[in-house]
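Common to both upcoming complexes is chain A, partnered first by chain B, then by chain C.
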Partner chain A sequence: MTDTNTTVLDKAADKAVRATPVPLVYRVRGLSDRSIAWVFILPTIVLLLAINIFPLIWAVYLSFTNFRANRPNAEIEGVGLSNYQRVLNDPDIWQAMQTTAHFVFWTILLQMLIGFALAYLIDRKFRGHAFWTTVILIPMMLSPAVVGNFWRFLYQPQIGLFNYVYSFFTGVEPSSFEMLGSVTLSPWAIIIVDTWMWTPYVMLICLAGLRSIPDYIYEAAEVDRASAWRQFWSITVPMALPFIMLAVLFRAIENFKMFDMVVLLTGGGPGSTTEVASITLKREAFESWRTGRASAFAIILFVAVFGLANIYVKALNRVKQR
Partner chain B sequence: MAEVSLQSISKSFGDNPAVSNLTLTIRDGEFVVLLGPTGAGKTTTLRLIAGLERPDKGRVTIGGQDMASLAPASRDVAFVFQQYSLYPHLTVYENLAFPLRSPARRMAADEIDRRVREVAKMVRIDHKLENRSTRLSGGEMQRVAIGRALVRKPAIYLMDEPLSSLDAKLRGELRLELKRIQSELGSTLLYVTHDQIEAMTMADRIGILDNGRLVQVGTPREIYSNPANLHVAARLGQPHINLIPAGLVPGAQPPPGTKTVGARTEHLEIQAANGNANAQIDWIEHLGDQSHLHMRIAGHKLVTLANPYVPVKPGDNITLTLKDPLYFGADGQRLV
Partner chain C sequence: MRKMTKALLGATTALTLSAGVSQAAELTLCWAAWDPANALVELSKDFTAQSGTDMKFEFVPWPNFADRILNELNAGGKLCDLLIGDSQWLGGSAENGYYVKLNDFFDKEGIKMSDFAQAAVNAYSTWPKGTPNYWALPAMGDANAWFYRKDWFAKPEIQAEFKAATGRDLAPPTTWPELLETAKFFNGKDIDGKKVYGAAIFTERASEGITMGATQALYANGFKYEMTPGKYDMEGAVNSADAVKGLEEYKELYKCCTPPGYTDAYMGETLDAFKSGQAAMAMNWFAFFPGLVKDENVGGDKIGFFNNPKGTTNASTLGGQGISVVANTDNMDGALAYIKWFAQPDVQKKWWSLGGYAVHNAVLNDPSFKDSQPFAADFLVAMNQVQDFWQEPSYAILLQATQKRLHDYVVADQGTAKEALDGLVKDWTEVFEDDGKL
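And then the complex of A and B:
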């Protein structure tokens, strides 16, 4: 066959191919790897833009206006930075921030201590440790709504189990105190529930950290005459530290925006003793309907959490690189 | 330093016996190498001496003292693990100082510093003392691990294939280095390996382990030239010893009961055939300074080392004769 013949045949074949409708399957097959990658991630990007990024930008815009969501048809006026100014000068909001900080600090401290201790015990691999791990994880698997309602009953001064158990050990009359109704006790009531529910999560992360330490390092230390105490502080803690820090980060972000449990248990009360930032925010936005100011507050919270998390992640990376 | 003695030690993991009825004495200042394939019980033996495992039966004594009730920390042994068991968040210096900082030792800070620097120089890591141990190459990590054992002056150094993860060049260097350090310090050392060259070059005595049993103990020369059985003979020698049926190759006077003849390079004589050829060259591997001759005799394949200038080529017919080979009976034991 000559060259001209081939070209003619090729052209004919080409025409025939173009004329035949190509099923979708083949058209997809014709895409480059890069295009296929885009096809797969595009829906996610669109969704993300629509329900995360756009509202965020919209909230930034609203935070500079006097918009009120209950009067959607009123004219929107730009008010500059005055929303931010008011938020930062509002003593109630500072009170809420303090309450949040108090709550975050104590829940994290307790969860880390108890969670790490539990992980340390479970890691001993005693008989039935798998069973006990599962048992310990149960609170974490429950819905927060269920947990909140259960603990409302447990904290009931007349019929609640919590008061009875406490009085059993201390001899205090069970109905003499009210966990959820007292100004001094109610913050602790929430801290206890959050610790009860999320300590297993911390334990799980710490356990992963402990399991990542190879046995032979301990054996080397043992032969080197390091006491159990020294092994704990010079091997266990430093090597599990990145995991512990990760657990702190997850819990801190989570608890900074704590909402569900507080609403279910105390609703922010009594008075405003358990009113954490997210509840203040919700009141500002959907009870006072000051949407602009609430947006400003939300942006401040976001920047604070985002900034702190970033600083923290840097520190975490430094620890991990050692 | 002290004499370490194992008396009828047995240890099983579940149904698997790891070490059975092992008796061995490592004399004060002696370098003993345990040689055996994977799963022969070498590491378990070390761990039994260190106290990281407890024997099912038998006694371990160090310096005449029974170790049965003592924890690893009280046994005065130093252990170099096969993996780089460095403390990853510490610097090289701190890793080396770690065993000396034990409160049980109560060593003065300047004494620790002196020892650490001395040992760092010995294992040639003194230029990296302030580096984090995770920022080292494999060879450097293992030198730190060896150094961490050397800073102490224990009754015995236990080393579990410390060179196996290093590249060939470094392995050769550290092998010499380790032997030099050991003879300088006069330390007692039990070394575990599956590498026959390490065993042959470093050991005062070699113990051959097979399936948890100590098959033979002796100087490298004894083990090489007078192996007690087929297993020991097969562990040493490069290329692998040729095992051929008795009577196949002429030139031997096998004692009665001989089933197998073991022939290493030095037991084989090759001559260009002049009419009475009994073997053929299959293949020649050129190693550079030497060659491997692959030969075939009556369907059996043999390998031997040869001078690279031997004037033969594949396909050549040759005359093969034996010269004082090793004889083994039907049970695999050596016949003399």
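And then the complex of A and C:
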């Protein structure tokens, strides 16, 4: 049976080869499997080199020059490490890094706590849990542009719903405080919006973690008369930890380069209160047009994120191996 | 088959060529998206009728205008044949070869810069500033000025209350202390059953808003960029005691009397505050005044105008732009023909009548000009006292530093006015050192 099939296939292959123009047959026949594999992946590699690797190398080159994109006729001169020195000694850039760290820390903390709590609840499989899961997921399906704009209206001190709701519960005059215009409140205004939008994403990852824990482990714990509290800390948290850590990694990378939401809500203001690193970088590169210095800043950011992510991934692998 | 292929090729070539011809008879003019741009569309219909050239327009909202157009110029794009660009762009655009130098063209066509208001020529056409090197034709004169609710100011009970509170008659303020006093008087007052606020002013952070607003107070109080013009010696000029006082007054006005939520307000927001009946006074560019006069709710008899109040001197922040030919254009002849047409006195008169701010002497010196609009007389005064921001090639860096320092102090309450201006001297010095000018 097999022989007959092989014969049929061989005949079909021969027929196909005969139907193929001769030069092409020679070319294909002349290629090894490895070469054919290269032919298939080469376009992707070329594309990656062109749009990822080359710009990166070019940015590294520019970071050692005085190049300004708005002065195409000016001579490009090498400035050594001067751009890096100036970036690292610039108090405004350190301020932006602190703002970014504050934003990343609090958004991740809140999103993990609320996201895990929601996942824990949804995992209970109560009546209508599928419907509520969908409802909870809605914010993360919206465009950041939409979210930024409508929260800007919600925070409007004279007509915004947020101020009125707060006023309803506290009795404070709605227009007496400004979420986006206040130095103390504006960072929190952005944290609230980011948490509202991305907690569902964390919830989904945590839910996957919780669902991956086999039931028999809990059953064994029940037999051993372990309390719910003990089960939570000894089974649920350790076994869901790799997923939680993965969620932290994704959100940290995403929030480290947060740009759109902050621009739409505060534009980095008031003053420079909410100016995160990505906004500073954009201003340096495309408003001040100090391309060389902006490239140095971008490389420093890249190295920082890349390094931290690597350390974190190693820690994640260690947790997974336990 | 071959015949068919040839026929198709022929048809394609013919279509391409005809498209090329129609492209040559087309001009794209780039500007900001605002009221005067609509007037220019209307005006340009005459040019199309006379020349047969189709006019296309690329209008970009103000907050993105500089980003969008400067990116286009830096990238060597061909989007714009003609550009009505901000006065501060002149230095960079001239030195980078983005604009065509128009001296020879003006000489050839008999276009005289002496036919235009001198302040406008200096601000909108020349680089280096004030020298006879022309890179643009003055297109749109503009300055920052004020408007107020004339109907509220005219209410007898409010006048009496103001007199009792301040000891003087209620009138449009002529000095910065009067402006503050008037704004404080109106702030929080209940008028026509609605809580109103003193003044809506520029506080925008991202582009140029707070700089254009705060310089009203700075210039009026004697702020200068340099001790000696052209020497970049800023210490003692930028951070003089008078300049510090001016900045403090601007912050005081912001803190005491602006509507809630106006922490990032520019042209649109101040217009909104006024049109919605929230603000007794507001600042904005003359360009918007024709639209305000026509407004059904706050225009007509309800609105009045006044120039920037005096501090130690009379001064107004310059707005406005010149029209330049983009060096990269494929239709140089068409673009120059538009400039020639636009420079004609009759066209300039029509430009003013449609809502554009012509600065041609044929318009400004016309005896009927002062009465042609309720704000026309103020416009004449303002254009003779305007001061502009740096027009240096590095203006963008200088502007960003200013935006940060001013917003940090005025809106975010960081440091003192003296520290903000000292910081500005430090930032600007660094920029000029990088440019090799210091």
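To be clear about the criterion, the second predicted complex is superposed on the first by the 284 of 322 C-alpha atoms of A that agree within 3 Å, B and C clash if a C-alpha of one lies under 4 Å from a C-alpha of the other, contacts with A are read in each partner's own complex, and residues count from 1 in each chain.
Methods note: a contact is a pair of C-beta atoms (placed from the backbone, for glycine too) under 8 Å apart; a residue touches a chain by one contact, two chains touch by 3 or more.
Remember, predicted model here, so these are calculated numbers, not experimental data.
Of the two partner chains placed by superposition, A:Asp33 touches none, neither chain B nor chain C.
Once the two complexes are laid over each other on the shared chain, residue contacts for A:Ala226 go to chain B alone; chain C is not touched. Put chain B and chain C next to each other and count what each touches on chain A; the higher total goes to C. In the superposition on chain A, A:Glu75 makes contact with neither chain B nor chain C.
Of the two partner chains, chain C is the only one that A:Gly181 touches; chain B does not reach it. Of the two partner chains placed around the shared chain by superposition, chain C is the only one that A:Gln158 touches, whereas chain B remains out of contact.
Applying the stated contact rule after C-alpha superposition, one finds that A:Gly271 touches chain C and leaves chain B untouched.
In the superposition on chain A, the residues of chain A contacted by chain B and by chain C do not overlap at all. Residues of chain A that touch chain C in their complex: 66, 69-73, 92, 156-158, 175-176, 178, 180-181, 183, 263, 266-273, 283, 286-290.
Residue ranges on chain C touching chain A, taken from their complex, read 66-67, 70-71, 73-74, 76, 92, 95-97, 205-206, 259-264, 393, 396-397, 400, 404, 407-409, 411-414, 434. Taken together, the chain A residues at the contact with chain B in this complex read 214, 216-217, 219-227, 230, 234-235, 238-239, 322.
Only residues 50, 52, 71-73, 75, 77-79, 81, 83, 85, 87-90, 98-99, 102-105, 132, 134, 148, 152 of chain B touch chain A when the two sit together in their complex.
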